[in-house]
Amino acid sequence: MASSHRKAAVRRRRKALLKGFRRTTGVGAVPGTIDPNLPVRQCRIRRLVYGGEEVVEELLTDYEQLQTPEPDGRITWIQIMGKPDAALLHQLATAFGIHSLALEDISNSHQRCKVEDYGSHVFVVSRLPRYLEGANLVTEQVSLFCGVNFVISVYEGDEIFDSVRDRIIRSRTRLREMPADYLAYAVLDMVTDHYFPVIEEIGNRLNAVDDEIEEQASHPQRSEIRALRADLLLLRRTIWPQRDAIAALMRDDCELISNSTRTYLRDCYDHTVQIIDVTETYRELCADLRDFHLSEISYRSNEVMKTLTIIATLFMPLSFVAGFYGMNFQHMPELSWQYSYPILILVMGTIAGSLLYWFYRKGWLE
Amino acid sequence: MASSHRKAAVRRRRKALLKGFRRTTGVGAVPGTIDPNLPVRQCRIRRLVYGGEEVVEELLTDYEQLQTPEPDGRITWIQIMGKPDAALLHQLATAFGIHSLALEDISNSHQRCKVEDYGSHVFVVSRLPRYLEGANLVTEQVSLFCGVNFVISVYEGDEIFDSVRDRIIRSRTRLREMPADYLAYAVLDMVTDHYFPVIEEIGNRLNAVDDEIEEQASHPQRSEIRALRADLLLLRRTIWPQRDAIAALMRDDCELISNSTRTYLRDCYDHTVQIIDVTETYRELCADLRDFHLSEISYRSNEVMKTLTIIATLFMPLSFVAGFYGMNFQHMPELSWQYSYPILILVMGTIAGSLLYWFYRKGWLE
Amino acid sequence: MASSHRKAAVRRRRKALLKGFRRTTGVGAVPGTIDPNLPVRQCRIRRLVYGGEEVVEELLTDYEQLQTPEPDGRITWIQIMGKPDAALLHQLATAFGIHSLALEDISNSHQRCKVEDYGSHVFVVSRLPRYLEGANLVTEQVSLFCGVNFVISVYEGDEIFDSVRDRIIRSRTRLREMPADYLAYAVLDMVTDHYFPVIEEIGNRLNAVDDEIEEQASHPQRSEIRALRADLLLLRRTIWPQRDAIAALMRDDCELISNSTRTYLRDCYDHTVQIIDVTETYRELCADLRDFHLSEISYRSNEVMKTLTIIATLFMPLSFVAGFYGMNFQHMPELSWQYSYPILILVMGTIAGSLLYWFYRKGWLE
Amino acid sequence: MASSHRKAAVRRRRKALLKGFRRTTGVGAVPGTIDPNLPVRQCRIRRLVYGGEEVVEELLTDYEQLQTPEPDGRITWIQIMGKPDAALLHQLATAFGIHSLALEDISNSHQRCKVEDYGSHVFVVSRLPRYLEGANLVTEQVSLFCGVNFVISVYEGDEIFDSVRDRIIRSRTRLREMPADYLAYAVLDMVTDHYFPVIEEIGNRLNAVDDEIEEQASHPQRSEIRALRADLLLLRRTIWPQRDAIAALMRDDCELISNSTRTYLRDCYDHTVQIIDVTETYRELCADLRDFHLSEISYRSNEVMKTLTIIATLFMPLSFVAGFYGMNFQHMPELSWQYSYPILILVMGTIAGSLLYWFYRKGWLE
Amino acid sequence: MASSHRKAAVRRRRKALLKGFRRTTGVGAVPGTIDPNLPVRQCRIRRLVYGGEEVVEELLTDYEQLQTPEPDGRITWIQIMGKPDAALLHQLATAFGIHSLALEDISNSHQRCKVEDYGSHVFVVSRLPRYLEGANLVTEQVSLFCGVNFVISVYEGDEIFDSVRDRIIRSRTRLREMPADYLAYAVLDMVTDHYFPVIEEIGNRLNAVDDEIEEQASHPQRSEIRALRADLLLLRRTIWPQRDAIAALMRDDCELISNSTRTYLRDCYDHTVQIIDVTETYRELCADLRDFHLSEISYRSNEVMKTLTIIATLFMPLSFVAGFYGMNFQHMPELSWQYSYPILILVMGTIAGSLLYWFYRKGWLE
């Protein structure tokens, strides 16, 4: 049962891994086109304007309200929560001058992590890993546009950025003092932080399977190891481009990123490298675990083999002797001797004893 | 049957993989020579001239009509559909100044993807993957010449570029506004788009084999896994040079490519990287699947072994006891005792019961 | 017993490997924040001021005493022994201008080795490997700040740097003559030196397992090999970033490091490369050992198989013959012949002899 | 027989692989020394002088005739066919100023492919693969010196360059128009072309073994796969340095190579990359084939196992029952019952039927 | 016996591999310190001064005689034969200004190959491989200091450099004409030359094991393969840094190396690359050999299995039939029929014949 439950989980996860590559626009579509028929639910949009002492937060009800903010020293953070529809994308293009290719990327949420510098704004795609119930690992796309005085974040969920928002609203922290690129960094750092619990979860499960195998190796553990491998593969596929993206942001030729923020990005980069480090280590541990499991299973199968050999080697000679004196020849003198029966029992005992001693010497009886 | 069908498919595919390296020109041929004896069917040539409001399309009936277009601001797209013969190649050389090495490359359609900058035009070789019926994956060569105001595409099929052509003809899209290099990009993007359904097909088949193995591992699945590995190998061999070719196009020193088109090429490059990403992920999943299949098969074989051991271990002692009392000694007192038969049955039952309990404790009866 | 002892050791070590990635600050914490609730014991702080003939050592009792030293040509070494608490970190920030990200790094002691150049000081994280009792390998963080005339070292233990301290106090060695960066080097060199006994220990254990397997391959050795692999993995994960960190220190753009010290750092770098070399060699030897162990185990299992085959092949024909003449047909002429019994014994002997000779020819009796 | 024939071929090839590294000069010899005691047969030397309409070919009978040609616009090609002896090498040194290290390299014909630029001439070592009879793959050294107006080629055979020579002699092709470096390119291209039939041969053999394994996996195929692997290893060891050598020739700092020839060298380079591509693909296919063969063999061995288990599981219970009623107890009531014999036959049939049905359900009878 | 001899050799070699990393100075020692308690035997020192026609050789009896030679155009070669003691190292430091870190490196003879440029002299560490008796591969350190007009070589043996010395003394060869760096090159070339016989030895042993396995695969061959792998690992660990060291010498920024010598170093570099090439090829062949051995062993074990199955499958039905008619039922009509015995023999023969034919059809009797 546990096994079948596991298999189902593995299948779900694998499907996620395979499905992550679907493209919604068909072959031959105009590059930069958004499929207008996508079933979307209305996005919630929250705008946070802050600067100095002032913090203003509002929920936008109309896409028309989305406009490039005036350069008045304040910073505008627009949180788009949900999958953007065609109208919203159009508004982004006209109000913020977002390139159509970037719009295609946020509407098709299976992008690799990357950074594109469009001059007036930087476009960052990053991915956030999460365990759904049923041990189902998914990675969700978080898109960011960072301009001189605004940040636009696009993410399907809504509760994720609350801690960053609270830091802005509640008190006059560093976040309130720094330019818009620091806000973008804060969001990216938040995304990176979400890798740690996932990795810890994988570590715990690795540990659990390991203990289980030490206890008693069984066939279904194989599925769990495979599931862990698939998760680590997915994680690895996600985190390497994320590292490259952050490195691209840190490079000197990206003018929208200030030097002070670059120091913080380096910290974020270090975390990403650490995650890569752990992921690769876990992959090796996982491969070791697989070998270990295989060797335990094969050890048990050898034990079975040894038992068979001992039994067969013990009883075949004895059975032969018994069969020998079961022959019906009329002229078998031993049959009529008085003591041949007890002598034969002695002989059989000796044979059995010698064989057992020989097994013992070979170390087969351990 | 399914198995033999699969084997045939695998063989066809493998043959494709092996045949892809044949050269039609012999050892010692002059470099840049076209074998004049190649069996060719007449190419269809379609010329599309557009610019501003005007779009003219015509089918060329005579190779002589192929001439470098005048620099009148209009863009000429020449689609050569079929395998070019010697006369056509000669016309290309004289009218457009195509280098003989490039001509050799388009007449021998087993080239790696590459980009050659010949100054007055850029020569691009890319490959388009396609599943023929019978799950037979092939990659077909698409050659492109891109000059200041013309694009020549060479491809054996004909229906592939129709969507690009329709975008030019039907309405005043971006394609009509942009220079010739954007048209070249549009064709390349089209080729890249054809990788996605192939990858999806492979993903689906991976998924199907996986489910099948979970259900019941059997020997013929091995062939399917092998076929998938061969497909992925072919895909990988094709897509890596394609990435390098697009990267070479994007580099600054290629003067025929404008900066605005470069942004679009970067998008195409990202798609290629994504395809590589998926291909490598699938290769790992495929290797995992192979290990998994092997372990399932070996698990089943261990089960067979265990059954043998249990049966042999159970019946060998019992048979020995039965054989023992089948001996014909005259002086075997037990034989004449009244209750020795039921006692013996009891003893045998006890032996069998103990052994079964021991198996149960060992976990062999699960 | 030895086996279960080993398993426990392996489990401890693996846990260490897995636990090394825990982060104490939660997801969404402000970057550069120190968790104020960490259970800490009071740090001991020792200050060593030396220059020319003078050496002054004192234990600081109050964090307020920590101040940037005056530029009087003397060098100040502040040894923080223990896990720093929030108050101490605050004092470091105010007195030495340490960046909050560096403070987060020293309070969370699971960092990768790295070097950060903050202009007024260089921040170095390195890791020191140590075998705890029970063959439990851990790596502990040693953090270093190196300014123009001061070095701050942070390490949880206290006895480690005594040899460096003694070299300063006892006599006028090179250490007393050189600037602060040489002291930082001396501490780093000390950390690097601690890898050698660990590697020697691993080498000895590899050797011991190897000898044991040559003697008699047994199942529990598998656990030991796994433990060695895990140790080498941990070592490798630690030493590679350490090499990169030292290389970053040696680079020309790091102004706090003088050229004369760079020569010594190169020596330290060479040692690190040598450690990497040995670690990778041991990893290969360990993989070979695993294969060797597997092959020995499988050899023994083949021996078992061969025994079974010999016994079964020998006795099955003989048993058949015996069973044959145990049939109760009334008309079996051989049964009543005078010499059929001795003849049968001869026949059986011949069968057994031929089979044994055949086994001998096949090389199965070796 | 086929198997032993194959084994012999494998051995020959392996020997070739191992022997390729012998050095004829002893340890401690002066660098640049030619062993004067080498058994050599007289080289044939052919000189071809061409330029404009004129083509002069002659066989040199005396080494003294070898002189640097006058700079009269004509190009001299000196073909040395055979292994050069000491006198010839000396003449080359004095007449053409060839460096002693290059002379050592052409007298010891086991060099890696490489390019050395000695200012007045470029020295190129390349290797030509060939299948000797008996499927014996060897690579032979082709050395080239290319000066401003001369090319010297050194190769043990003689018929190889005939196609290049014919192109010069027969008609006024491009070869007659171009400078000496184009001749050097033509020779190199010829060498590269010789890789294709070798690769095709390997592809065919891979294909044949593959088909054979699909048909019926047998032990000797292992040797063929090994032989293919060894061939691919040899090919790979040869072609990678060849690629590097051609790349070195193409680099800008090599002044003897003109730009127009560089375009052709790029074509040659592309071919080399394609050969590498195929070689690496074949190596992967070969590894897959090995795995496949192993899995087929192990599948057949599992089939054997299954047969054993079915037979044993079927007959052991039946034999026990038969043995049971072969016991000689006087008080076994069943023995004297009228219908116990047919009932027993029924019981036995039921046992056998149930077991067979169970096997069928388990899928063992497929 | 052969096997136990081999095992001993393997153990010795492995020990060498493991011991190569010991450090004589303890943890925490001052960097650049020489352990004064090392047991050393007195070094022999030979000084060779040559220039123009003059060659003077003398054995130094007193360390004081070691002085930097006057710049009189003559070249001084100081050969230190044996492990240098503290007094000698001190003299080298004072007379030649050798850096203390270099002195530490020559007193601890387990260094990786490397090059250090100390301005007034270059310090080169290289390693010389040698087979001791008992197939025991060791690598010994050869240290070189090369100044403007002197070369100091340090090596524990003494007969190795005799051929270089003889070339200086005997006649006016190139060695006498060239500057000191050419002498250093000559010594390095000599060291590199020593790799070839070692590699040839390994090649021969690979070949021998290969032939042996083809003949008859047996368990002890495993040990030999392992030994070869360990040797190749040691060789690889040594030769890669050697290549890097020679490459560092060739780089332009090393002022003590003249351009003419650089050409020769390039030759030496090529040899090193060739050695690496062969080593890596042998490693692959060795891995193939291991797989091959494993597959042969498993093939033999499958043969054993097949024999068992054939015998068991043949005799189990026959034994059952015999046992069947050994039952003692009173009412078994066949028992009393006249011809049931010969009929039964026919039936048994038919069963056996059918089974044998079935085995033959399955290809099990080959």
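To keep things simple, chains are lettered A, B, C, D and E as they appear, and every chain counts its residues starting from 1.
In the analysis below, contacts are C-beta pairs under 8 Å (C-beta built on N, C-alpha and C of every residue); 3 or more make two chains touch, one makes a residue touch a chain.
This one's a predicted model, so the numbers in the text were calculated from it and none came from an experiment.
A.B. asks: Hey, how far apart are chain C and chain D in touch steps, shortest way?
C.D. replies: Contact-graph shortest path, chain C to chain D, evaluates to 2.
A.B. asks: Call it same or different for chain B and chain D: same when shared residue numbers make up over half of all numbers used at their interface.
C.D. replies: Answer different: the two copies use largely distinct residue numbers here.
A.B. asks: In whole angstrom, how far does the Cα centroid of chain D sit from the Cα centroid of chain E?
C.D. replies: 26
A.B. asks: Measuring centre to centre with CA averages, how many angstrom lie between chain B and chain C?
C.D. replies: One centre to the other, that is 42 Å.
A.B. asks: Would you pick out the residues of chain B that each touch at least 2 other chains?
C.D. replies: In chain B, residues 305, 308, 312, 316, 319, 323, 326-328, 332 touch at least two other chains, as defined above.
A.B. asks: Reading round the ring, first chain A, next chain C, what is the order of all the chains?
C.D. replies: A, C, E, D, B
A.B. asks: Any idea which chain A residues touch chain C in the complex?
C.D. replies: Residues 163-164, 167, 173-175, 186, 189-190, 193-194, 196-197, 199-200, 203-204, 206-207, 210-211, 214, 263-264, 266-268, 270, 273-274, 277-278, 281, 284-285, 288, 291-292, 295, 299, 302, 305-306, 308-309, 312-313, 316-317, 319-320, 323-324, 326-332, 363-364 of chain A touch chain C in their complex.
A.B. asks: Within the complex, which stretch of chain A touches chain B?
C.D. replies: 7, 11, 14-15, 17-18, 21-23, 27-32, 99, 101, 111-112, 114, 116, 216, 219, 222, 226, 229-230, 233, 237, 241, 290, 294, 297, 301, 304-305, 307-308, 311-312, 315-316, 318-319, 322-323, 325-328, 332, 334-341, 344
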